[in-house]
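Presented sequentially are two complexes of chain A, the first with chain B as partner and the second with chain C.
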Partner chain A sequence: MRASLALAWVTLKEGFRERAFLGIMVFAFLLLLASGAIADLSIGNIIKVTQDLGLATVSLTALLLAFFMGTHLMAKDLDKRSIYMVLSKPIGRGHYIFGKYGGLATLVGISTALVTLFMLITTFYFYKTARLYTPPHVAWGKLILASLFIFLEASLILAVSLFFSSFTSSALLALFLTLAVYLVGQSTHQVMDFIKGPLGKKTSPIVKGIAKLAYYVFPDLSLMDLKSAAVHNLPMPPGDLIKAFIYALAYTLFLLIAATFIFKKREMK
Partner chain B sequence: MAPPAIEIEDLTKHYKKGVKKKIVALEGLNLEIHQGEIFGFVGPNGAGKSTAIKLIMNLIFPTRGQVHIMGLEASQPAARRKVGYLPENPSFYDHLTGEEFLLFAGALVGMKGKTIKNKARELLTLVGLDQAKSLRIRKYSKGMMQRLGIAQALMGNPQIIIMDEPMSGLDPLGRTEVVRLILTLKEQGKTVFFSSHILHDVETICDRVGILVKGHLTYLGSLSHLSDSPSWVLKLEGDHVDALQERGFSQISRVGHLTQVELPPEDLWEALDTVKGLALPIYALEKKRLTLEEIFVREVQSEG
Partner chain C sequence: MKDPLHLQGPFDLWGTSVHLLWILVFLILILTIHQLHIRTTPIKGQALSPLPKEEVAKISALEFKSLLSDYYVMEVAQLFGGKRGNLGKTETLWMAKALDLAASLDPYYTEPYYFAGNVLPWYGAVDQVIPILKKGERFKKDDWRIPFYLGFIYYYFKKDPITGAKYLAMATRSPSVPSYLPLLVARLYSEKGHYSAAIAYLEGLYRSAQDPKVKGLIKKRLQALIIMDRLEKLAQEYKNRYGKLPKKPEDLVKVGMIRKVPPDPYGGKFYFKEDGTVWTTSSLRERKTTGKR
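So, the complex of A and B:
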């Protein structure tokens, strides 16, 4: 545990000192600053557009960090062989995976929190200064909840990236595979809804089988997407939220255990 | 009886190349490293030295055979508590400072609180990096990296230190520093196992050496045993080359102010009688010792 915490701390520091991290954060803040000007173009519902853009920025930041930092930092350890020193110490390989994940998830968590805070500030500013139209209510709590679930989704993606990094040394390949999982995970729910719907009756059984398999194997990321509900102030049933939370946690844990299992058998040539 | 520091039995590592071909990186290595000794592992490039060390450190896994560290199976994390390891061409988390890195290494070996900080400072002083402790590792020179690598290997006070090419890339001063450090570790009762290309250093400090050629251990023993030759060397003061040549001696050479004659054992007494008869001033009579380099070349050549 102590070793994992130490590794998490070193990973967090490494992440903060990466140029890619700074680049992503600067990009996020610029995007949020520009959101007012972009929202102005929407003629009318500036606040809604600001929230939409704000949550999209939070999501983009968290996911970019999960994609790039997850694959890059572990590949760097393997490529530069700094992992030799870590694994020569009296720790299990699982400690390495969980420590690395802990550091990266904290990095994504802190970044998501910062960008969310900035998003709330800009939304508040436009809410107070809006001239043409002001909605009666901004669901501040739901915006924060949506950000929390964005973090949850990014944490799961981070686990996917570590899973792939556990058996490939190529950061690019791990990134590509993680991206593929993300894209499939974004759409499986919709595909399942389509199959279950009236048009699904005409779909061939083979396609249906593949869709079902993808739905059960790949993470259902739409469960963690609360952006639209937050912006439109739609109800968020606590049961659904708890289900999504447990689902993300269990999937992440499963991926990390699988990554540990693979990594234990990996040779450090 | 105390267990050997490292016990290696039939350690073998094959790599697959393509479908049918296999590369033998190490074949049937049997070796016992005694507690408190300095053991040098020498061999040409690709001989299997780093493979053997990585197998000991459980970084790669054997095709066959096993390794025990102080009686514990090497694959157990507890076994690695007994060992400090310096990899070849070490690369560390270069965004950290030297001190931060040692604190991290200490945390990985389970050290806590003030002990970890005190040990880090003590080791930074030992390896001569106390002035550079707040400098980011990416600004360290090769020699500084090597010394930091030794310091991190010593965090947690392990009984065995394993170093892969600790002298590679160092200037003579840096090498002397590392040699001094290794001797200090021996004085502290630690076991040091290291591989090196710098045969002179191995010869100077090792109690025993192992020569590895093409994955096979071709020579193992103490240096005095390894380097003994049946021949004798008779050293005379002054220039007596002509006088000795007239008496039929062949292997004569001049070294500084001395004349040296190499003698097979059967010619020794006759030679001494001749020297006595000519009243030549004897400086020394020594057993001829092969240098490690000569032994190394002999072993490599005999393996083809």
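So, the complex of A and C:
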């Protein structure tokens, strides 16, 4: 446990020093600064557009960090052979995976919190300065909750990236596999909706079977997407939130345990 | 386990991420310049960008569906602004499709419905706008404007007062409805001779009204409509007895069907139209405007 914590701390420090981390953060802040100007191109309730852009930025930042940092930092350990230094110490490989994950998740968490804070500040600024006949209602609490679930989604993606990194030494391959899981995980729910709808009558049973299989195997990331509900101030039933939370947590834990299992079997060159 | 795919070679992840970020920044820049361009220059015969199918758009937008919806609304706003309202048929149909797509991507976003309901019917896209508004009516039940637009479109563009009145009545049941709307709807009912419907509607409204001022307004209109309904029915009875419609309400007094012509609460005078329906010189308005309609 202590070893994992120490490793997490080192990973976190290492992550903050990465140029990719800085690049992503600068990009996020620039996008948020521009959100007011971009929203101004729309009509009517431009605060809605500002909120959409803000939450999309939070989402994009968390995901980019999960994609790049997850695959990069583990590949770097293997590439620079620094992993031998760690594993030569009395640290189990399971501790290594969980420590790495802990550090990276903290990094994504801190960044998400920072970007969320900046998103709230910019939204508040545009809310106060926009000239609208009827000031729209902004559900600040729900915006924060949506950001929290974005973090949850990114943590799951992070676990996916560690899972793939546990058996491939190529950061690029792990990145592409993670990206594939993300793309499938984002669309399975939608595809299932289409199949259940009128479009489903035209779909062949094989395609339906594949879609159903994908739906049950891949993580259903749409469960963690509260962005639209937050922007439109829709009701968020606590039961659904708890279900989504447990689902993400269980899936993440399963991936980390699987990653540990594979990593233990892995031969280090 | 050896790397089965031999992908272990040196790979510069930092370089790749920087490249990806640059591509992203570049794309945003292009988009902004494109937006600013169409904002400042009037479009002359510019080809409209093809719109994807709803299913394709929904899946490819991933978790950024609202953002794509915002984008289409922006495109429509820019096109409308660029054309300064001089829309051709192609542009109108394109806008209807883009707004339909925007509404499908983010069904709780009000702007696509408002823009579609307010602007496009005037350019001929009536049949395209109705399904968009009906979609909005399903998702935004508390918004009185969507059934109001639908009611107006049916009433004015489709010449279908019955469906129009149905949607207008639906609009008046919304909690956010402005106080003038129920009276307007009752007037629409009564102008087509549906007095019984209008009376029933107003009675319901009278019972549910909270504001004493509004209650007073409804009561007055209700009184007028009850008289008009009664006069219209008596005119039919007159026709059954004498084989022709009465020319004026005083004819009913002459034959003893009523003792005197009741006064219009709005200060006007009731009269029979050629088809035997009743109207008043006040047009059920508080102040007299142009007299006879």
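Operating definition for what follows: the second predicted complex is superposed on the first by the 265 of 269 C-alpha atoms of A that agree within 3 Å, B and C clash if a C-alpha of one lies under 4 Å from a C-alpha of the other, contacts with A are read in each partner's own complex, and residues count from 1 in each chain.
Just so we're on the same page, a residue touches a chain if its C-beta (ideal position, glycine included) is under 8 Å from a C-beta of that chain, and two chains touch if they have at least 3 such contacts.
Note that the structure is a prediction, hence the values are computed from the model and not measured.
Participant: Based on the shared chain A superposition, would you classify chain B and chain C as clashing or fitting together?
Facilitator: fit
Participant: Check whether A:Ala3 is in contact with chain B, with chain C, with both or with neither, and answer first, second, both or neither.
Facilitator: The answer is first: A:Ala3 touches chain B but not chain C.
Participant: Report for A:Lys13: first if it touches chain B alone, second if chain C alone, otherwise both or neither.
Facilitator: first
Participant: Between chain B and chain C, whom does A:Gly92 touch in the aligned arrangement: first, second, both, or neither?
Facilitator: After superposing on A, A:Gly92 lies in contact with chain B but is clear of chain C.
Participant: Figure out whether A:His72 sits in contact with chain B (first) or chain C (second), or with both, or with neither.
Facilitator: Only chain C is touched by A:His72; chain B is not.
Participant: Where does A:Glu267 make contact in the superposed view: on chain B (first), on chain C (second), on both, or on neither?
Facilitator: both
Participant: In the superposed model, which partner reaches more residues of chain A, chain B or chain C?
Facilitator: Touching more residues of chain A than the other partner does is C.
Participant: Would you check which partner chain A:Leu172 touches, where first means chain B only, second means chain C only, and both and neither mean what they say?
Facilitator: second
Participant: Touching A:Ile195 in the superposition: chain B (first), chain C (second), both, neither?
Facilitator: neither
Participant: Treating the CA centre of chain A as the corner point, state the angle out to chain B and chain C, nearest 10°.
Facilitator: 170
Participant: State the minimum pairwise Cα distance, in Å, between chain B and chain C in the overlaid complexes.
Facilitator: Between chain B and chain C, the minimum C-alpha distance equals 9 Å.
Participant: Between chain B and chain C, which residues of chain A are contacted by each of them?
Facilitator: In chain A, residues 265, 267, 269 are touched by chain B and also by chain C.
Participant: With touch defined as at the start, can you tell me which chain B residues reach chain A in the complex?
Facilitator: Chain B reaches chain A through residues 54, 57-61, 77-81, 83, 85, 87, 89-93, 95-96, 104-105, 107-110, 112, 149, 152.
Participant: Going by the contact rule at the top, pick out the chain C residues touching chain A in the complex.
Facilitator: Those in contact with chain A are residues 1-3, 5, 7-11, 13-14, 16-18, 21, 24-25, 28, 32, 35, 39, 55, 58-59, 62-67, 70, 73-74, 77-78, 106, 108-111, 114-115.
Participant: Per the contact definition, I'd like the list of chain A residues that touch chain B in the complex.
Facilitator: Where chain A meets chain B, its residues are 2-3, 5-7, 9-10, 13-14, 17, 80-82, 84-92, 265, 267-269.
Participant: Hey, which residues of chain A end up touching chain C in the complex?
Facilitator: Within the complex, chain A contacts chain C at residues 18-20, 23-24, 27, 31, 34, 38-39, 41-45, 48-49, 52-53, 56, 59, 68, 71-72, 75-76, 79, 167-173, 175, 183, 186-187, 190-191, 194, 199, 221-222, 225, 227-228, 231-232, 234, 265-267, 269.
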